[in-house]
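Below is the structure I would like to discuss, written out as structure tokens.
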Amino acid sequence: MNTPQPYNQRKIVNDPVHGFISIPDNILFELIEHPYIQRLRRIKQLGLTSLVYPGAVHTRFQHTLGAFYLMGTAITVLRNKGHQISDEESIAAHAAILMHDLGHGPFSHALEQTLIESLDHEDISLLLMERLNEHFNGQLSAAIEIFKGNTGKLFLHQLVSSQLDVDRLDYLKRDSFFSGVSEGVIGSDRIIKMLEIKNNELVVEGKGIYSIEKFLVARRLMYWQVYLHKTALVAEKMLINALKRARELSLLGKEVPATPFLETFLRNRFCKKDFLTNPKILDDFTILDDNDIMSALKIWRNHDDRVLACLSASILDRKLLRIEVSDTPFSDELIERHKEEKKELFGLSTEEMSYFVFTDHVSNSTYKTGGENINIIYKDGSTKDISRASDMLDHTALSKPVSKYILCYPK
Amino acid sequence: MNTPQPYNQRKIVNDPVHGFISIPDNILFELIEHPYIQRLRRIKQLGLTSLVYPGAVHTRFQHTLGAFYLMGTAITVLRNKGHQISDEESIAAHAAILMHDLGHGPFSHALEQTLIESLDHEDISLLLMERLNEHFNGQLSAAIEIFKGNTGKLFLHQLVSSQLDVDRLDYLKRDSFFSGVSEGVIGSDRIIKMLEIKNNELVVEGKGIYSIEKFLVARRLMYWQVYLHKTALVAEKMLINALKRARELSLLGKEVPATPFLETFLRNRFCKKDFLTNPKILDDFTILDDNDIMSALKIWRNHDDRVLACLSASILDRKLLRIEVSDTPFSDELIERHKEEKKELFGLSTEEMSYFVFTDHVSNSTYKTGGENINIIYKDGSTKDISRASDMLDHTALSKPVSKYILCYPK
Amino acid sequence: MNTPQPYNQRKIVNDPVHGFISIPDNILFELIEHPYIQRLRRIKQLGLTSLVYPGAVHTRFQHTLGAFYLMGTAITVLRNKGHQISDEESIAAHAAILMHDLGHGPFSHALEQTLIESLDHEDISLLLMERLNEHFNGQLSAAIEIFKGNTGKLFLHQLVSSQLDVDRLDYLKRDSFFSGVSEGVIGSDRIIKMLEIKNNELVVEGKGIYSIEKFLVARRLMYWQVYLHKTALVAEKMLINALKRARELSLLGKEVPATPFLETFLRNRFCKKDFLTNPKILDDFTILDDNDIMSALKIWRNHDDRVLACLSASILDRKLLRIEVSDTPFSDELIERHKEEKKELFGLSTEEMSYFVFTDHVSNSTYKTGGENINIIYKDGSTKDISRASDMLDHTALSKPVSKYILCYPK
Amino acid sequence: MNTPQPYNQRKIVNDPVHGFISIPDNILFELIEHPYIQRLRRIKQLGLTSLVYPGAVHTRFQHTLGAFYLMGTAITVLRNKGHQISDEESIAAHAAILMHDLGHGPFSHALEQTLIESLDHEDISLLLMERLNEHFNGQLSAAIEIFKGNTGKLFLHQLVSSQLDVDRLDYLKRDSFFSGVSEGVIGSDRIIKMLEIKNNELVVEGKGIYSIEKFLVARRLMYWQVYLHKTALVAEKMLINALKRARELSLLGKEVPATPFLETFLRNRFCKKDFLTNPKILDDFTILDDNDIMSALKIWRNHDDRVLACLSASILDRKLLRIEVSDTPFSDELIERHKEEKKELFGLSTEEMSYFVFTDHVSNSTYKTGGENINIIYKDGSTKDISRASDMLDHTALSKPVSKYILCYPK
């Protein structure tokens, strides 16, 4: 990779969350300029959550830049503590974080549960990284190895992907900032100041323990208050149902107008092999963004199929289904009763009603034990998992997923 | 209109700029729920400015709610100072501000200069207000009269539209917040606390003079640093040229794919009368949003017409034309030279080159003298125009528009 | 009490934490103007903590105004939810919170452990409230009853004093703000919005549970990171020792110069009865503030007594003793060894060395179970203690005090 | 000077305004630890202004650290733009800014107009710097030369002292932050990012022009709204009168109790020569802080002299004189009339009444033309004074001092 360039050629971007973000190197600047990353400007970080929190329309592009900024901060802190990180390694880690979200499509979860079931967004990210690496003549190889975890300096990978990665540090802060849920704000500055390395792995200084406790609690709060907010959930489920319905109609040969890029995915069921053998599919994917979905909904709201039309209009006009949340599953009888009750009103079959009456469950662990623990390092060099180090957080509760069941039906 | 409802039925919205925003009344809540206002969720406040300031993707919907919030604050302040404002008047003023941006299409200026030349967004706002008023059985009549300025309590109109209206107070603060240009932040709280009424007109208490000075300087700073930022300007000009080209091709009978709502405006040149006599046109308008334009650009980037294809791709990938700014006009020779230089490279005719090489001028007055002065009121009851009251701002300079000429051409 | 006054006579105070604070009533304004409350301008909220966090020099006066502001917010929220709170009750609750910190002397804990052992600050607060009530011709009686908890509307007392009182909500936010420990910031706005009343007691709406969890974690973080910061602790212990030494010398008849008000307390050991029978003692107390202590230290740094001189100079110049923290008590042998080691160096007796070598322990419960629980109310009207309602916080851990032992000795 | 130390030995201070402030070098850390700088912890930045803005109790110590932080930022920016600044020069500039406020006594202006008339705070700063330089074995020589302006790299001096120095950039931001006058906030980050050097002098990049305009307007606003706020003015004048009276009584041989350090200055009229020849005087000065003054006022409120007693009590209890402000001088008749009116009520002589009835004038220039202009540099390398470069600020008005006359008298 290139060596760092003098300042005058560097670009600075204004970010409402972190302030000025400098791009410290030409290849990183070129990477940001690439259409694959520019596309992230057109994909909202939180999908339909802005139906609940109107401010939360920030994009994956902003988040990518923010995580990139925190990577620079973390590397500076670690270097200042005496750890060797070469310029090449630094650039590679920066490039890795720039590319970490490449594989996200619009409304990621909706897409992954409907039109692109065969790969998840991390698979696609890797495919796109390989493409970019060709385009940049192999200059991104080190970055990709960091992304995959193939590096002796495992902490570089952990900065990109772990329970304390800069991805999380940025998105929690950013989602909190834009949604206006100020309680979710985390002390990313302080947490980064507390990072240390032991045996090439990321650990946290002992005095950072309260910051980590607070980080975990804030994360949990953001889950229940924002990411799994029931109104956002029902909107997303309705979008999933709309896309499912559109594909079914399309596969049955009905006309379901959409932009050409979206049509590709409506009309076909691609498996992973198709992605690998037919470059056109990935090409189309790299053009997809929120606009294709929203434009389609606007056309579909006038579709002959009443299910598709009704779901589309409801999302656009924010006339959402009613949603109930419970700690225990909803009975089949209850679900059937809801279907029967409304089906005449809607003039739909029982099968069609399943697009409007359905159940699901969501869950979240505040902290995952296993391979990716957050470890606290003490002055004597010993380390302890945060769930053991904290005298407040309940070790078992912390790592046990909390499940909630939801039931949606028309008002 | 209805009387205020008890709190439990009121809705609260989280806003990152103002905090919690309460909707104090049922009719106002229903108005916000209406698809005409929900549409504003899909129109960015600052169009393509996010190409410069990635955070600036906030929507007209957020701004509308923010201005609505400030209206409430202003009315409370004025009532606390002993001025009579009835509940009906308050609700009407709130409704007026909720509707003030209804007529904005996606990328307003681009559209008003190309596809919808015959009306400006204020005309369309009024048409839509009338429609809403029918829908709400005349309950919005008072709001519309306030919007038009047909009210004895002129200050209510001035809160909606003047050089110190809540529209401006919100958008300056909000645009500053989301762009990250923190210097543009204004003390909207303090300014509102300083509002007074004299002869039914809005004035500012004497001790608010420094706040107003600062408001004007911040506004000016936002103009040059954000609204008229040269990169945002060139992007907008390119979008205008893309839309112009698309319509020309369309009028020539070429196929220019787009969503049905956008197609309507590409294929026809509607005059004001058409809008008034054919309700379908306004219907289509109320569906148009940013997604139609962005989706179209993504399709057009592969269009046979090289001009349209190139402009579309350039906007999407942020490969913008070079732009020069000058205090004086650019010579015709210079413009022609640029066209000639590059036309062979592009394989375009001189006429086609005018989409890529062009000049324009932009201007801004920090303060407009005339009918809508900002007046300072002194303890003796006398008033003075801010440009006279301030011993620092240059009276002439303040109100003289500053003009800049721009020249755009390929790199 | 008086009825609310028109706005123009109301005063507004600028607060960096909450913004504009209005004083909504004459008697409240007069109360704030009284020298007893003005004195709080000269007492820092966090004593010597500014030796660690230089920004933390905010005063008890600011905090008092801030808690006063939150009282107003809380009452508005509760009224809007349909609960009856009369103007008189509102004014009384406001007055109660204005007076809640009256009894704090300078460096409260230091004083309560040395010069004024017989009463704690709450006793003195009550004595001063009674005096003020006389001054205000009984107009503060209702406020005092609320402060004491003698009111049917127990929630008014709980707003003044409980685990979720406006005192705490303000000081956590304020101490976090001024110390710069941004992680301690709590969502006081949101918590207050979630307040409800059941059986005349304060409860929290079910959807506020995450906010309360976060409040408790933030509070805990503030304890360990700010209130019990080891450098602040050692400074406070040294101040206690300086005051103890000064009094001992004084009682032995040695001259220990100080302001007359401080001298009173150095030369005498007043018991509670003295306070009640001799009004001059309370008079002197109401003049004491941080300035008396700091001025005295500056004089004492040149005192003949080496212990007093050394302690005084060390605090002023921030040359603090070394402090060690441990989960288990320090052994007597270790303490003696430290004394022996340094006593020759200092030329002091073993007894004198106990001012420089000492141990102590500090403890903190994140949450106290017992009479003052924070209760969550569910939609069906049932309530549950937060430590049971939260599926994350460890019930036992939450309420178990965490103890730390400290050992201080010269470097 | 020493070379920079590894990070682990570096200290970090939490600042609510700038965040974490690192002390990058041992000598700088030792300098901060010195009692001369620690003393600034006990001197409020804004004296009695906290009587108006209760939050404004921040200290000169915090400000010193803040300016220190901005110095580091500015040096990094300039180095990144390719300007050579050696480690020694950087440390010297940092040391210079750490020492720039050394000479401030408590309530500086009050003291300089009464007890210490012969020197201003800058003279004393230099005396103290020389002493520190001896203590540090000459290691501060370069810093002192920068402070005095004796350096080829004039921009280093200008960072310490000019119309765009880091002193001003910090205090405007800090005073705005702590007073809660949020409109005074300046974009110090952006201004520093725009700094450049031409001919060894500090200039500002062309695109920074709006930031400078805003800086000047914010500064002006802070002057009228905070620094010259009429309530703060009258409080300061009363303090000056109290100190004058105390000295007069003291010189007449009356007992005026005070701490020994304050007594020195009450009982003597030192001229500059005394300071230079008698080191004890400077010693006493270095112990003086806000506590001496406030403690004295508390004692004096019971003094036999009614003038001293009344002034002291009034300041402490915030019962201030009435103050009127005018653009023109007040007539002698008016002043005499006020004296006559109240003198019987107070039982004072006409001469004594002059402590309670007096006039004065205050003035402020937003921008000073002359040797210390703020210059804008254009892309062609030419420079222009900001008052000429700005098309909005009125050149003449900008630099013309605005004068106000005040008249104070008892209510």
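We just call them A, B, C and D in the order they show up, numbering each chain from 1.
Here is the rule we go by: contacts are C-beta pairs under 8 Å (C-beta built on N, C-alpha and C of every residue); 3 or more make two chains touch, one makes a residue touch a chain.
Everything numeric in this text was worked out from a predicted model, so none of it was measured.
K.L.:
Determine, using the mean of C-alpha atoms as each chain's centre, which chain is farthest from chain C.
P.N.:
Relative to chain C, the chain whose C-alpha centre sits farthest away is B.
K.L.:
Quick check: more C-beta contact pairs in A-C or B-C?
P.N.:
When B-C is set beside A-C, the one with more contacts is A-C.
K.L.:
Just curious, how far off is chain D from chain C if you go by their C-alpha centres, in Å?
P.N.:
32
K.L.:
Measure off the straight-line distance from the CA centroid of chain A to the CA centroid of chain C, and report it in whole Å.
P.N.:
Each chain reduced to its C-alpha mean, chain A and chain C end up 44 Å apart.
K.L.:
Between chain B and chain C, what is the separation of their C-alpha centroids in Å?
P.N.:
Distance between chain centres: 50 Å.
K.L.:
Could you check chain D for residues that touch two or more other chains and list them?
P.N.:
Touching at least two other chains: 19.
K.L.:
What residues on chain A touch chain D, complex-wise?
P.N.:
Going through chain A, the ones touching chain D are 6-8, 12, 19-20, 80-82, 189-190, 193.
K.L.:
Please give the residue numbers of chain C that touch chain D in the complex, ascending.
P.N.:
For this pair, the touching residues of chain C are 13-17, 19, 33, 35, 38, 41-42, 50-51, 53-55, 57-59, 61-62, 65, 177-181, 259-261, 287, 289-292, 294-295, 298-299, 316-318.
K.L.:
Sort out for me which residues of chain A touch chain C in the complex.
P.N.:
182-183, 185-187, 190, 210-211, 213-214, 217-218, 220-221, 224-225, 366, 391-395, 397-398, 402
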